[in-house]
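The data blocks that follow each hold one structure.
In the two complexes below, subunit A is the common chain; its partner is subunit B in one and subunit C in the other.
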Partner chain A sequence: MAIGVIRETERRTLPFDKLGVIIAALAVYGAFLAPFATFRANRIVQGEGKAILEALPPSLGYGLLALVTFGIVVALLKTSVLVRMAAAFAALVALCFLIGSAAGNLVPADNAYARVSPASGFWILVFAFALLVADALTRLNPGPGLRLLFLAGALALVGGMLATGRWDGLSILKEYASRADTFWAEAGRHLTLALGSLAAATVLGLPLGILCHRVDRLRATVLNALNAIQTIPSIALFGILIGPLGWIATHVPGAEAIGVRGIGVAPAFVALFLYSLLPVVANTVVGLAGVPRAANDAARGLGMTEWQRLVAVEFPLAFPVILAGIRIVLVQNIGLATIAALIGGGGFGVFVFQGIGQTAMDLVLLGAVPTVVLAFTAAIVLDALIEVMGPKHSRGKAA
Partner chain B sequence: MASLPTLLRLAVFLVLLAFLLQPGWFEPLLKSLVQENAPAVYNRGSLFWLTLLHLRTVFVATFAATFIAVSLAILVTREAGAEFLPLSRSLVNIGQTFPPVAVLALSVPIFGFGEKPTLIALFLYGLLPIFENALTGLTTLPPAVTEAARGAGMTERQRLVQIELPLALPVILTGIRLSVVISLATATIGSTVAAKTLGEVIIAGLQSNNLAFVLQGGLIVAALAVLIHDALQALERALSGRTRT
Partner chain C sequence: MIEFDCVTKRYDETVVVSDVSLTVMPHTITVIVGTSGSGKTTLIRMVNRLIEPTSGTIRIDGEDNRSVPEFELRRRIGYAIQGHGLFPHRTVAQNIATVPTLLGWERARIKAKVEELLTLFQLDPDFFGPRYPHELSGGQQQRVGVARALAAEPNLLLMDEPFGALDPIIRAKAQDDLLSIQKHFGTTIILVTHDMEEAFHLADRIAVMDKGEVVQHGTPAEMLIRPATPFVEELIGATERPFRMLAIETAGDAVEPGAAEGAPIPEGLSQREALSELLWSGRSALPVAAANGAIIGKVSLDGLVKRAARPR
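Our next item is the complex of A and B:
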């Protein structure tokens, strides 16, 4: 009797995975209908799309199609999480590996001008299988350690492709090759801007947040002022600071020597610092306000001084919330630092805006892709850190 | 943000309106910021017109984002779409790490220069806060209310339209407010890819080293953001007050 009931419910539900249907549709379109790689005679002309079998030698092309088809079948059917993960991962590794082969295959060896870049089909396939990985990961619900391990694996895969020169034929890396020195200089400047302003905002924001927590009157004023700063668009704030900083540079002795200038890094740094203050201060206030009264009373009962209570009780309890504020700032700053390029502050934005100016999209990608990777890495690392620090029962995002 | 007192808000609105319609009145104020022969008030187009275009861009993007985000949130909170709920949550978290400039820059190769990439970037970026809040609103309804609605014999559709959406509305509105404020500022970046927004004024100022242009472009956007933020917040309060009683 019981067996009969189970059979009946089995018959009623479809054997297909709902998300798998979407992933399969995307992958079929990406593999069979959309172009895999774009070939262009030089850097800025319109390209022509090449399908997988045109872009790759037959053995590799059919191999990739077989792997993609296998991934599609695994996604469609209700398979175990680990099988889905393995199939998606295999497809992603193959895609990453073979897009490099496409470049070598499409460009004649002596042609230095022709460009090959990944086309829509490649991106759609990557998106479809990344979705499959993300779904499998969500179902596994891994702890912070395992998540960091996955991140390290993904970064190692990309790093390996770059280090072994697999992708050297792709046009984004040709852009890189012709400006490798500036790339690392701008990368350094980008990180200095994002991390430096975060450090400054933390050093000033924490005491300010503690002060706001203690003094009611100050809280509303400070938070309102910081909120008002957030409404000023970034390019305007960067620009507005040019004036006062230029004035300081020329009128305050010694200011210019330490790098204060009207244009360049200084206004960008100050603008990012100002944007960073709100999340740090606001989360410090929220975190301290959330400290249970019982904990404070107990500490007082033990005869702790104000200072001891702050350091030993309140601050550790509020720390996960403060860390959540720092995560917001870091991800936001990595993105906003791109705008510094508009006022001569450097960073990856230099390539983005140069690329927009020259309508050279590979150059735009050279600036945008590292920014996205950095922001993404920062978010995963800090999320894991927040989870390790936070109370065991509250999984997910704080604040 | 605590609302500014009503009087102050009205003053900001009047000054903004006066500046947009009669920018000449403010010339003496701005004159000190520029070099002798440089114009103190933006002279390459009407500020009022640019403001309207700016607002239109933000409105179109937010409207589309709201429609899609709320529909998706409804879909994944129904029984048929429940499978997608955890995944959509993690996708939202991932999406929010994408810098707006990168979204804008990456949509240029697909959609070309002009207003389109800006609309796409604002739309994609606006989706996330609205979707997240709509999810929160629809998944944290008091169980007693939904049970009562079921007990009263309401169909699933009736429950959604008459109970769940009205109760979730204030939280959804908070998401829309967040999204609008971000979009108002982000739209200025669209002018780097030739979209007609107030960013044009700021960029013209940066290029010709004219601080007055940068300041007026920035302050108009900031004033718009503060006013729209406060108006939406007042609306939320009115709505949550109504549903609570």
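Our next item is the complex of A and C:
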């Protein structure tokens, strides 16, 4: 009874949702105090911020403010999960849709130099409502299938905006329009670097991990060496690799023909590969070590050969842990591949560093946003995959 | 028949199994007992070559167990361990099918065998076959573990403390199941345990191990009457001896002519249980019924007390 009384008073003094208070505060700041869009006379001058009502025609502006205010109230109060989800989703769709309208509204039709980009208010609102969606999702605790469906929905929303040309007036897409060819070439290079080095690390890391699991003495040595590599900063590692790879290119016959050089794709690939090895090898070792002793003993006692035991017992049981390592590597590589541009390796980093050089933030975003979307997508897809592979035995007792 | 011939296992300077010679007769249950570290587990793991002896040979039906590749040997020998060792990512049916699959049996034959074994262990094949081990109770997991060991119809079954993780009631049930299954298949069983109660309940012959040596090998009765060393005597437990004597024989063996009042006891009941029933009901004799229900005589308190006394 005493507990019930305390809860009752708690409810009376705190009618608000705790996380909702933070989300509401963010959204209030984003909607009413921060600029919604930035207008610039050309692509590199300092821009001026425009509030929602300045950036949009009155009907749309007030409509958006009303929707955002509704979302704030829903977030603030203790409301049902589905209502929170719906309100946040509606606000996100409206934001995505209307930022495109802001471009058409602010720029005179015949002006090809003026630029409009989303400003801090827009990003803060997107962040606040994305947080609300994430919070509602956590409370719903959806299965992997539903999570993938949400991801597909979000990607479809963004894809729809791009395909229908809603966002064509935004500066980031104007940067894209003048670089469409290179954009896709660099995207391909980015993925090749990230996925290729992951594939190489998996092909070498799995057997190495298995070997480390079987041979005690090797384990400490290999893991320590890989740990040491992991502590080298990425730019330093690129630099360190220029020497040896350059030497190989000039001294080993045929090396240059297959693309080995001191700068460019080769050192970037090798560096990403080296960074990828530790998570793959370490998780393979941890996964194999987690296989129940009794299951291994039974496998041998029932007459499985070493190979059969590895394939039929050890590997399937260790697989979710190994997959978790591959997930770490994939997300890490997609981010790290950006830096490859510094040594001529290509990828989305090209736009980031060009943009920094030209003080053109839009160009930086053209490189950064796809990288973030890719990493995010990879993380969600692999998390779902890990969960699908795991449940049959993860709930079981290790006996 | 399994023959251990001067088998020794050394790790560096430590002798784990020392010059053991032992013959296990076919279609019997031999229980190896001893304290932890006595070498009993090492001894049976040398039979299916999970451990290779330092010296000596082990022959199965006259053939050296090193004459075939070890994985082939193991597929012919059933193996059940403490904590069952079921594969957590495979269903009950897949677990039981492990060895038949390794041997390349046809699918229909495997399916029939799995169903036969599950039924034999009182587990409904349709219900339990597709389950994963973690969905089963401890007793059910243990039964599946033994069923898996028997799947390829081995002549020899090695069991390493198979009932160690079970609570006393389920353990007693599992032991009775094992006895009836051993009768059903005629399998030769070598079982390792540290539980003397279990040993006396199951064994045709008991081998006592101490510090790597077999100090006595014989029937339970021999062990009670003439313990070879003070260690064996201690292991049996001096205060338990008369009760163990009664436990290894049935009421049918103690039947005397004559009649007695009250409900009859079945002749298959152990004399120890008959004594317990006499003491609890406060009577001096009980009628004994054969399997067909006919009264074949009585057991008396005096008769049982005489039988429990040290034989001379």
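FYI, the second predicted complex is superposed on the first by the 377 of 399 C-alpha atoms of A that agree within 3 Å, B and C clash if a C-alpha of one lies under 4 Å from a C-alpha of the other, contacts with A are read in each partner's own complex, and residues count from 1 in each chain.
The criterion applied here is as follows: a residue touches a chain if its C-beta (ideal position, glycine included) is under 8 Å from a C-beta of that chain, and two chains touch if they have at least 3 such contacts.
Please read these numbers as outputs of a predicted model, since none were measured by experiment.
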For this session: With the two complexes superposed on chain A, say which partner A:P292 touches: subunit B (first), subunit C (second), both, or neither.
Result: second
For this session: Report for A:A109: first if it touches subunit B alone, second if subunit C alone, otherwise both or neither.
Result: neither
Exercise. More residues of subunit A in touch with subunit C or with subunit B?
Worked result: B
Exercise. Now for A:P316: first (subunit B), second (subunit C), both, or neither, which partner does it touch?
Worked result: second
Exercise. Between subunit B (first) and subunit C (second), which does A:G367 come into contact with in this model arrangement: first, second, both, or neither?
Worked result: first
For this session: Check the residue A:Q308 against both partner chains and state whether it touches subunit B (first), subunit C (second), both, or neither.
Result: second
For this session: Could you say whether A:R300 touches subunit B, subunit C, both of them, or neither, answering first, second, both or neither?
Result: second
For this session: Kindly classify A:T338 by the partners it touches after superposition: subunit B alone (first), subunit C alone (second), both, or neither?
Result: first
Problem set entry | Footprint overlap on subunit A, where subunit B in one structure and subunit C in the other make contact | 397
Exercise. What part of subunit A is in contact with subunit C in the complex they form?
Worked result: 292, 294-295, 297-305, 308, 313, 316-317, 392-393, 395-399
For this session: Write out the stretch or stretches of subunit C touching subunit A in their complex.
Result: 48, 50, 71-76, 79, 81-89, 98-99, 102, 132-134, 141, 145, 148-149, 158, 165
Problem set entry | subunit A residues within the subunit B interface of the complex | 17-19, 131, 134-135, 137-139, 220, 223-224, 227-228, 230-237, 239-240, 242-243, 331, 334-336, 338-339, 342-343, 349, 352-353, 355-356, 361, 364-365, 367-368, 371-372, 375-376, 378-379, 383, 397
Exercise. For the complex, which residues does subunit B have touching subunit A?
Worked result: 1-2, 33, 81, 83-84, 86-87, 89-91, 93-94, 96-102, 105-106, 108-109, 181, 184-186, 188-189, 192-193, 198-199, 202-203, 205-206, 211, 214-215, 217-219, 221-222, 225-226, 229
